[in-house]
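Below is one structure; the comments refer to it alone.
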Amino acid sequence: MKRQIPLIIVLTLGIVFFIQFFIPSQISTNIYQTTLQWEIVISAFAIVLAIGSLINHHMLKIQRRKPHWWNSIVTLIAMLVMALLGILGRVEGMESLGQLYRTLFLYVQAPMDSAMFAILAFYMASAAYRAFRARSQEAALLLISGFIIMLGVVPFGSLLWSKIPDIAEWIMMVPNMAAKRGILFGVGLGMTATSLKIILGIERSWLGGGGK
Amino acid sequence: MIFSTNPWVWVAAILTLCIFSFLYKENPFYRFAEHLFVGISAGYGVAVYWNNAIVPNLFVPLFQQHNWWFIIPGLLGMMFFFRFNQKTGWLILIPMAVLLGTGSGMSLAPTIQTNILKQMQSALADATNLKLGGWGLIWGIVTLFGVITTLSYFFFSREQKGLLRVSANIGVWFIMIGFGASFGNTVMGRISLLIGRVQFLLTDWIHIIK
Amino acid sequence: MRQKIPGLLLVLFWASLSLALPARQEPVTAEPAAAVAPAPEVKAGDTPNDGGKAITVTWQASPDEARGLVDGYEVLRSETAEGEFSKVGYVPYGFTSFDDQEVPQNARDYFYQVKTVGRGAAAFTLSAVSNPAQAREQWFNTARVNALISCILFTLIVVIFITRAKRGQSLFIRRIAGLAAVEEAVGRATEMGRPILYVPGLSSITDVATIAALNILGQVAKKAAEYDTPLLVPNRDPVVFTVAQEIVKSAYAEVGRPDAYNHDSVFYLTDSQMGFASGVDGIMAREKPATNFFLGMFWAESLILAETGAATGAIQIAGTDAISQLPFFITACDYTLIGEELYAASAYLSKEPMLLGTMKGQDWSKALIVFLLLAGLATALIAPGTRDFILKILKVG
Amino acid sequence: MKILENLTKINRRYIFLMVAVAVIVPLIIPMNLPTIPGKYTIKLYDFIDKIPPQSQPVVIAADYSPSMMPELQPMLESIIRHCFAKKVRVIVLTLDPNGAALSEAALKKIAPEYDAVYGRDYAFLGFKPGSSIVMMSIGENIRQAFPADFYGKSLDSLPMMANVRNYADIPIVVSIAGSAITQSWIAYAGTRYHANVGSGCTAVSTADYYPFLQSGQLVGLLNGMKGASEYEYLNQKNGYSKAPRVAGKGMDAVSIVHLLLMAFIIIGNVGYLVARHNQSKKQGA
């Protein structure tokens, strides 16, 4: 029973929305659009569980005085302040809170966001140094094509041989495109098969414990 | 050196440096920034869910437009809360089933369209474009050949022997060349992001660069 | 090159224009220009494959278009053949059809006229009135027949192999390098007395990669429970977080160690992509997990996670169907499941006949795609006339 | 030989340090590395260069938000400089809600350098939501999409707009963006309304546009920081700009980091091959 009901729901909705794709009529499109809106609402409620977990996780650390426990206080306070400012800032008469919310986003969250992104530049270097080694035939191909593309970017490459940028473009257009498409076919079939398995109730991992 | 007088710029600059300090090693400054980042972005997420999902998609239809159908997603969403009780815990499978059922049903045919039919069409269009002639056509056919060999690498139910082995190996070559190229092609963009940060530090915070 | 010539011609045209006219002159009131020829054969009909309230109008290009005297066409609509026509749209020259998307009512007659607009909007000529047309809503999208057939075909193939598998036919699945390493990786963590980190991607539950990642999480959690190795599962999506917690919990129960399950091992971090990455980076640096799993959907954070993990000396097994992120996992991780290998993983690890059957069905579909591509290539090259037809069959509607 | 083997184990912190130095130093001290313009940059530059002065305006769609500034803002600035120097009129608009402030700042900064007059030499239309709908309505009449400019003045009150109705009166639309919006410009302005379209895009998305370049649907393309610096270089070479090269400095940093990366790759491989050689000798002995 506890397994049957969810499986029946999945089967019914799966078939309904598979068929919906082929029906262009007004009612069909309305149902589709309303459902999309409903899905957003449903998944939004799960954030309560998630935040519950976050609070629980850090409360435990504080209570047990785990190493660096005071950092958990930072997380909890930051979360509460930001959430409250964001929600109350929309209420009439409290626009100044909304202003503070935007300032915090602009000068606290956004810079850290960009800084994490920028760290990628360093990691590209260390990853290339470590992994671009001609350990095998395949690794050598990875190395050579990556090298040529990088050479295509710098003026030094064109000075070395004026055809380098063209070769770089060819690599992007021919072998790279071929690999991309080949992988896309496999991914597409795998995705379709998984959707099918979910609808038919074969794929049950989401029920917890492999659905046994 | 002239420093910015805007305290918020200082906050942003110091936090940026805290994050970068991780490159040396994990340290109290990074730890502080990390916990602040997780907290503030989680709080931001809550506000976004509230302002952009719950209010426009639930409260407005229910309380302003009096569209009582929207009680359904509200109730389904609230079923997540049954999790707090051992006995009723399984009920969260119902909203999950709704999300998964609609999601799978909706994505089935479009995936076939974009990942299979569309890709087949472009692969064939490139390989048979006689108007292109010469090298253009040859590269189109080479691409198609690469697509097929790459795809053959993903045959799982057969041992990689004989022709399949040869083909799968060629496929791996294409994959590796492609990955190397994507890697090399991403470097410039990532450095540009770093340049953006350095420019912020050296222009907005310390006025070194004009 | 071909595009460049008209561009150059236009440039020359302006050049001569600017030479002929003083640079800063008020626009000359257009002299009554010669009339342009009307658009012949204006026809109207219901727009196919839609929810109604739309009519498609088609016509032939005005004979003056070839002489470069036409700017475009205005489309006008009326409720009666002789009644007042009002403008509903405009298309530039080179186009001979227009979809009127704002038809007021279904199943009611409307008439159309096309107004040829001369160069520089200097002249207008109305066409004859079209036939009456009605907007209707359709119940089947004929442009999507190819997708429907493909879906049915694929489902059939998969179902055939699933039934075969159910009947007990043994099915083979080849070794997948990254997966063979799972056991070893869990064992290593146990030996070293360090935890296992498992990131089930950053996407939502409806993403197929997430489902595959959760599937593998179940298997990894079981092994971790058997060996009594701590497991860390940080999450970004609230719904995925809930499911992951259920899966890990029941994995512990399944191997008979429900008491060893730590409720706090599966936890939620934050919704923000980079916030999540910074959090996981911190965890890796502090807890030093012996083994990292990055399976599911990833974006730019892939390399941030994988490089930090590599620096802490962990064995790393990654897998994603995000093609743009695969290069980074390949370079920074010990094993990487490429695209479909991630989905194949659950079949491989569970050895469940139904999943293996699906896998076999997918393989046959791949064979079919290869066959169709080769057949299409051969046909279109031998008989070039068939090319357009072949491409039309595959057209996405 | 031991030293060579150690080349496989350079501490990552040294790599990070060198990357940091390679980025920071060129930004402070200009290196002026050679610039060799690529063919797609030259194509776009030449196209704009051939537009007769004080005739029909170029449209620049600056559809990006602040996070893409390092790569895209220099493109916008150098195209504007090129146009102002050649007295080619410019219309700037944006379809990104966060883009208006960026493009306005660029115009306000550059216009005085060339004595460009608002309404005569350039116009700023600001942001309009709706992307593809806006592109299509410009096809009919630009006044339909933008009845007034950013400052609320009606377009008819701007002298330069007198003879501008739609794409037929616009020699080229340059789409500067880090998203797929350029593809919409190609589809709507280009294919549908026969406009010439040029592109300036982030380095990561360049590969998506090669097919359009080959088919001629794009006049030319600026590829990230590299494309921007090449355009700056062409401007400077032809005497159209005396401004310091912003992207040029960035590109110096990009080039040096690339060379550094390539050097690291070579060093790593040398070390690796030596180590392997030594190992096989040991096994042989």
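Order of writing sets the labels: A, B, C and D. Residues in every chain begin at 1.
Methods note: a residue touches a chain if its C-beta (ideal position, glycine included) is under 8 Å from a C-beta of that chain, and two chains touch if they have at least 3 such contacts.
Model, not experiment: these values are computed from the prediction.
K.L.:
Contact counts by the stated rule: is the higher one at B-D or A-D?
P.N.:
Spelling it out, more C-beta pairs touch across A-D than across the other pair.
K.L.:
From the centre of subunit B, which chain's CA centre is farthest?
P.N.:
Of all chains, D has its centre farthest from that of subunit B.
K.L.:
If you average the CA atoms of subunit B and of subunit D, how many Å lie between those two points?
P.N.:
24
K.L.:
In whole angstrom, what separates the CA-based centres of subunit A and subunit D?
P.N.:
Each chain reduced to its C-alpha mean, subunit A and subunit D end up 27 Å apart.
K.L.:
Can you give the whole-Å distance between the Cα centres of subunit A and subunit C?
P.N.:
15
K.L.:
Between subunit A and subunit B, what's the gap in Å when you average each chain's C-alpha atoms?
P.N.:
Using C-alpha averages as centres, the distance is 4 Å.
K.L.:
Using the touch definition from the top, which residues of subunit B touch two or more other chains?
P.N.:
In subunit B, 19, 22-23, 31, 33-35, 37-42, 44-45, 48-49, 80, 83, 96, 99-100, 103-104, 107-109, 112, 114, 116, 123, 144, 147-148, 151, 154, 175, 179-180, 182-183, 185-188, 191, 193-194, 196 touch at least two other chains.
K.L.:
Show the residues in subunit C shared as contacts by 2 or more other chains, in ascending order.
P.N.:
Expected reply: 144, 147-148, 151, 154, 205, 208, 239, 242-243, 268-272, 274-275, 278, 286, 311, 323, 326, 328, 330-331, 338-340, 344, 362, 366, 369.
K.L.:
Going through subunit A residue by residue, note those that touch at least 2 other chains and give them in order.
P.N.:
18, 21-22, 43, 46-49, 51, 54, 68, 109, 112-114, 116-117, 119-122, 124, 126, 128, 130, 132, 142-143, 146-147, 150, 153, 172-173, 176, 180, 183-187, 189, 191-192, 194-196, 198, 206-207
K.L.:
Classify the chain contact graph as line, ring, star, complete or other.
P.N.:
Chain contacts: complete, every pair touches.
K.L.:
Within the complex, which stretch of subunit C touches subunit B?
P.N.:
Residue positions touching the partner: 144, 146-148, 150-151, 154, 171-174, 176, 205-206, 208, 239, 242-243, 268-272, 274-276, 278-279, 281-282, 285-286, 323-324, 326-328, 330-331, 338-341, 344, 347-348, 356, 359-360, 362-363, 366-367, 369-370, 372-374, 376-377, 380-381, 384, 387, 390-391, 394-396.
K.L.:
List the residues on subunit D that touch subunit A in their complex, please.
P.N.:
8, 10, 12, 15-16, 19-20, 23, 33-36, 38-39, 67, 203, 207, 210-211, 214, 226, 254-255, 257-262, 264-265, 267-269, 272-273
K.L.:
Quick one: in the complex, what on subunit A touches subunit C?
P.N.:
Of all residues in subunit A, those touching subunit C are 18, 21-26, 28-29, 43, 46-51, 53-54, 56-57, 60, 67-68, 109, 112-113, 116-117, 119-120, 123-124, 126-128, 130-132, 142, 180, 183-187, 189-198, 202-203, 205-210, 212.
K.L.:
List the residues on subunit A that touch subunit B in their complex, please.
P.N.:
2, 5-7, 9-18, 20-22, 32, 34-35, 37-49, 51, 54, 68, 71-72, 74-87, 90, 101, 103-122, 124, 128, 137-139, 141-150, 152-153, 168, 170-189, 191-192, 194-196, 198-199, 206-207
K.L.:
Quick one: in the complex, what on subunit C touches subunit A?
P.N.:
Counting only subunit C, the residues touching subunit A are 49-53, 137-141, 144, 147-148, 151, 154-155, 158, 162, 204-205, 208, 211-212, 214-215, 218, 235, 238-239, 241-243, 245-247, 249-251, 253-254, 264, 266-272, 274-275, 277-278, 286, 300-301, 303-304, 306-307, 310-311, 321, 323, 326, 328, 330-332, 338-340, 342-344, 346, 350, 354-355, 358, 361-362, 365-366, 369.
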